[in-house]
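Pasting in a structure now, in structure tokens, and then I'll have a few things to ask.
Chain lettering (A, B, C and D) follows the sequence in which the chains are written, and residue indices restart at 1 in each chain.
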């Protein structure tokens, strides 16, 4: 079954530079959750947009057929790492339909805060 | 009245393995809230997708006509329980239109964090 | 300008019975935020759905032309109050297009948690 | 590439008057994240709606081509500042397609809470 869209956007991005914990599960992070329900691998290109300089990318990832990828923006480093404490936005283009959701865990303070939202799907 | 869609997806799933409380209301949990406004029962099939193995399912639930079901993924156990501390995604297919929303309560830390988002509806 | 839809649904509803504070701003609450950008008043009917009994409603509210209404479900009492510590869902029907968003402030624990999501709009 | 819509609405707005911190990153705030992936600058007009008085606006901002703007409602002051501790809603109109997301950081309590949701896009 083909589920999803091929163009997604997340207008809100921000990775806090601080965390209360070194536990990888609790380090402040920003995640793009990608779901590929289809029978073909999804080749995905991510472009990052900033307030005051040219976009950076593409970052390339593959979501295998019938798999999900929970991608931490913290881990992207080619062509360059994602800056901390800096607002950004992202455009995600796939060659097959996928579904995308955006989550942040913020652990700057003694307790964690979570946000999540479905990304914008171009129709 | 017929309200909703028949195919929904949640790209983001994760049940923390720890909780600060044994109170069922405050145990870390992940919920799919299903609303069936219609006059016919909704027969729902849920398939779970993972990063590195084949999808699991279908899990089958019924949302009676004119009822809501707040389904905890924690409680799913047939064909197998949902693993803790593991990212997953879900595809939900119904034989009549329903509305779906996704919520997580994370109580790993001394205080709780909440997230919620409307699921992706295939149109 | 006419902005919005006439049929909205929130699959997830839950008003915690406890709060850490008596300050009205910090009592656990669930809010439907309604925006009417148009030139005519919006007559809105809300129906609540439950897990194990017939729907309740309609609750009737008016969103005046060019106004927003941040409606606390806690305050609804006609035809009957919304039960605490009970999952529910809601269907919102308006005679003119409106925009709707759903927010919960959970203050059961020493610190508050927030969630918000756009409601489902029937197209 | 043209990504997004030209009319967006956020039904839920509220800037808490208190914060636990003077650190700008942790002061309670409400943000509209705007993404312009296109080749032309976006001229954006924001109108604020209230419960009991006429709408205020337009507030005018520009999102340059291929840039993102993370706009704090706290910083808007022309034609007038956004009141604290007051519910409001916003309508955002752009002359080119943009993508919009809404985030709040609430730091009234000793710990922060976050919410985020995609705004409503008129289609």
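To be clear about the criterion, a contact is a pair of C-beta atoms (placed from the backbone, for glycine too) under 8 Å apart; a residue touches a chain by one contact, two chains touch by 3 or more.
Values in this document were obtained by computation on a predicted structure and should not be read as measured data.
Student: Specify, for the interface formed by the sequence copies chain A and chain B, whether it is same or different in terms of residue numbers shared by both sides, with half as the dividing line.
Tutor: Under half of the interface numbering overlaps between copies: different.
Student: How far, in degrees, do you have to turn chain A to put its CA atoms on top of chain D, rounded to the nearest 5?
Tutor: For the C-alpha superposition of chain A onto chain D, the angle is 90 degrees.
Student: What is the distance in Å between the mean C-alpha positions of chain C and chain D?
Tutor: Roughly 21 Å, centre to centre.
Student: With centres defined as the mean C-alpha position, give me the chain B-chain D separation in Å.
Tutor: So the centre of chain B lies 30 Å away from the centre of chain D.
Student: Can you tell me which residues of chain C touch two or more of the remaining chains?
Tutor: Correct list: 110-111, 113-118, 123.
Student: Contact residues on chain C for chain D in the complex?
Tutor: Contacts found on chain C: 1, 3-4, 25-26, 31, 33-37, 66-70, 99-101, 103, 105, 110-118, 121, 123.
Student: Help me check something: in the complex, which residues belonging to chain A touch chain D?
Tutor: 7, 9-14, 16, 47, 49-52, 54-55, 85, 87-89, 91, 102, 104, 106, 108-111, 113-120, 122-123
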